[in-house]
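In order of appearance the chains are A, B and C, and numbering begins at 1 in each one.
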Amino acid sequence: MLFYRLLPLLASTVAVLAARYPSFGTLQTQTSNGVMHVVINNTFSEINVLDYHLAFDLANLLERLQGNGTDSDVHAVVFSSANPKFFIAHVDINLFVTGFESPLPKFDPFNPDILFFDALMWNITTLPQATIAVIEGRARGIGNEFLMACDMRFALSSPNVLLSQTENSVGANPGAGGAMYLSNLIGHGRTFEYVLSATDVNADTAAQIGWVNRVFDTPHELHDYVDNLAARIALFPLPGIAGTKQGVNAISRPPRDVFVRDSQDVIISVTSTAEGQELLDAVLKATNNQSLGAFELDWPTEVVKLYQ
Amino acid sequence: MLFYRLLPLLASTVAVLAARYPSFGTLQTQTSNGVMHVVINNTFSEINVLDYHLAFDLANLLERLQGNGTDSDVHAVVFSSANPKFFIAHVDINLFVTGFESPLPKFDPFNPDILFFDALMWNITTLPQATIAVIEGRARGIGNEFLMACDMRFALSSPNVLLSQTENSVGANPGAGGAMYLSNLIGHGRTFEYVLSATDVNADTAAQIGWVNRVFDTPHELHDYVDNLAARIALFPLPGIAGTKQGVNAISRPPRDVFVRDSQDVIISVTSTAEGQELLDAVLKATNNQSLGAFELDWPTEVVKLYQ
Amino acid sequence: MLFYRLLPLLASTVAVLAARYPSFGTLQTQTSNGVMHVVINNTFSEINVLDYHLAFDLANLLERLQGNGTDSDVHAVVFSSANPKFFIAHVDINLFVTGFESPLPKFDPFNPDILFFDALMWNITTLPQATIAVIEGRARGIGNEFLMACDMRFALSSPNVLLSQTENSVGANPGAGGAMYLSNLIGHGRTFEYVLSATDVNADTAAQIGWVNRVFDTPHELHDYVDNLAARIALFPLPGIAGTKQGVNAISRPPRDVFVRDSQDVIISVTSTAEGQELLDAVLKATNNQSLGAFELDWPTEVVKLYQ
């Protein structure tokens, strides 16, 4: 199994296409031998919030990867995070607060019926490339939806790896098909248990029940496994990779119309009720606008204090 | 995690709406802090058969829970059984025997295309509230379909916990989507193994393969876990709970038309063949009309004697 | 649980219907007490390749089993292999090489929109009988698709049991819904991991993640379990078996149109590119036209050498 480590490892940066959106440098990419490593590093946030900076950078990246179809030099994409405690904390909650002005378009230009953030998650699933998430920190809300949208998930056994759909704890339902993908991985029973109670799963339990593919004891083992896997997949022609993804997605991904309905419901349920707005305001206050602190580190325990 | 135990635990009985059907008192309910506990106790049966008494009481309960939509004071419903050996044994077999007169309507008035019993199971899945089954005894046939219709299932590690779809052993297929929900939880391979052979699964194996969410060593641990889970879910606004259920159900629940076809097939396959009627008559005789005894306690072993 | 071993075990060969295709004797069948044992033994191949000999024999067998509908004397079918190292190695690769002439019709006469080989797999799923695969050797590509098309899968814990979808390693995607069935059994995450990397799973891991139902330490335990299971299922009336299969298939099997699209895609992606043809030629050369040797024994390791 050592053969593909012997391949020439000359790094080659992919030519950057003209970007549709302004670039904020929140994603560092490096490509060699058909594998692109993408490191998520939102320097505008202490907790890797998925805000408009990261959203624009992600939109540009997806467009670049999607651009050449199955002619792309990239066959596999590995996502990881530069933040030791957070893969992606969650979406920027301000975006759902009445009166907040965002530079983001409301809908994705390529999916005019899907809200911009949800479309980002959908567009990850339509990439021709194999996509792999390396998880060393928290991923809640849209963070877990990002993981779900990737083809594969590998986690470090670490107290920092905590995955959940937190939406229910602020009166909403997960958008972007988060809970729907989960029901394919862990069954609807365990999906309801974790999602309705907005409870974290840790890395070991996640691997045991199928939420993630595998768990590793050390970062070295984790990255070694993923690098070998990505390098092996990248050997194979992209049309076969894309075709395999189309087949499996046709049966395991939420149907597009269901995905859209689920996504719009999130917004409606959060923003149309006074209780929802109050909860979001309370979270922003309790987190000091999403700063690193007890609430973001241990959301499931802290959030219930809002109800006391 | 102790916070929600500190909530005031004053029991408050929910105001009972005018009931559509006669009431038989086979369901005891108690509601406090958004959680309704429902204890199944069919005093007309030694084995908690789902007969017309229990069916009418269940129909009234579901209507009451469904009635106010997401304005309900109840956010979570916990089902358990007062019978130490049976959660729900199975449907009253007499209902499928030619000539037996039942006071039940054939079809559900709210789902005029779904047989009354199957509609009860369907209507559990459409409740806005989170539904949790606490399993301390046998649940076979419609008993397991009832478990499948709930959002979550937690079991006691006990020789009394035995789950199965027994229909195949009397020439029928499971109705109410029983085997279909199961294939989302444990995959179609294990579903076929258990359902085609009409074999029981015990609590430990059920938890291992995903048939139930978790298994507990003692009733105290089981109830403690479920009570904490239900209390936590009940803190959160009902629209988010209902929205999450809609999303997950849209992808994991059998499509309605498939559910209907599967349900009608049960009846047809059982009642339209002489062999089916003979088997049902033989079961009623062997069980002394569904009395507590060897057959009901160990159906999978006893039923094959009918073929000898 | 001994009761059904006491049933009379008089072997009775099923009357052979007039065969639609020439017979090559690659399938040995024996039927007793409602259970048909089918031993796959392609004497034209060292590795039980699924070539036109085996395809014709399989087509005749399926037609015979399907023929009488739910009046069949056979209620359960157990597939095993006479080759100690291979259940079914894979499809005859020559069939996909430009210029190779095959006596096979391109499409199944009963499914004129499905390629002949894929239709064989589809037709296994539509049998009224319960189908069980006993796995003691390798099953890759269409070999694993054959396993997926069966209702249940039981494996021997043996270094010879290696399962995979190898198509990606030669630039194609799995046809016949191979990866799609797998995503119902092991979730889309692990499906992508194994299928995109064209990596083998062994028997123990396969049982752990749900790829197969169970794993056994010895051939005796394996066959004993399966024989008891098949005998028990065969006691029960066939309409119930067929009805149960229809219900579960309606929700876990790929929808027919998705199955067809996935299947045609395989051919297109393999045969329409120069790279695909080169890879297939290289495999035929490296395997000495699919002879028993290092490549067929350890495809995942050997195939990457084609890329060096």
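Throughout what follows, a residue touches a chain if its C-beta (ideal position, glycine included) is under 8 Å from a C-beta of that chain, and two chains touch if they have at least 3 such contacts.
These figures come from a predicted structure and were not determined experimentally.
The two sequence copies chain A and chain B touch through a face in which the numbers common to both fall below half of the numbers used overall. Copies chain A and chain C of the same sequence differ in orientation by 120 degrees, per CA superposition (steps of 5). Computed from the mean C-alpha positions, the centre of chain A lies at a distance of 36 Å from the centre of chain B.
Among the residues of chain C, those in touch with two or more other chains are 184, 186. Looking at the complex, you find that chain A touches chain C at residues 1, 3-4, 130, 151-153, 181, 184-186, 210, 212-213, 229, 232-233, 235-237, 239-241, 243-253. Put simply, chain A touches chain B in their complex at residues 167-174, 177, 179-180, 183-184, 186-193, 195-199, 209, 254-255, 258, 261-262, 265-266, 269, 273, 275-276, 279, 301, 304-305, 307-308.
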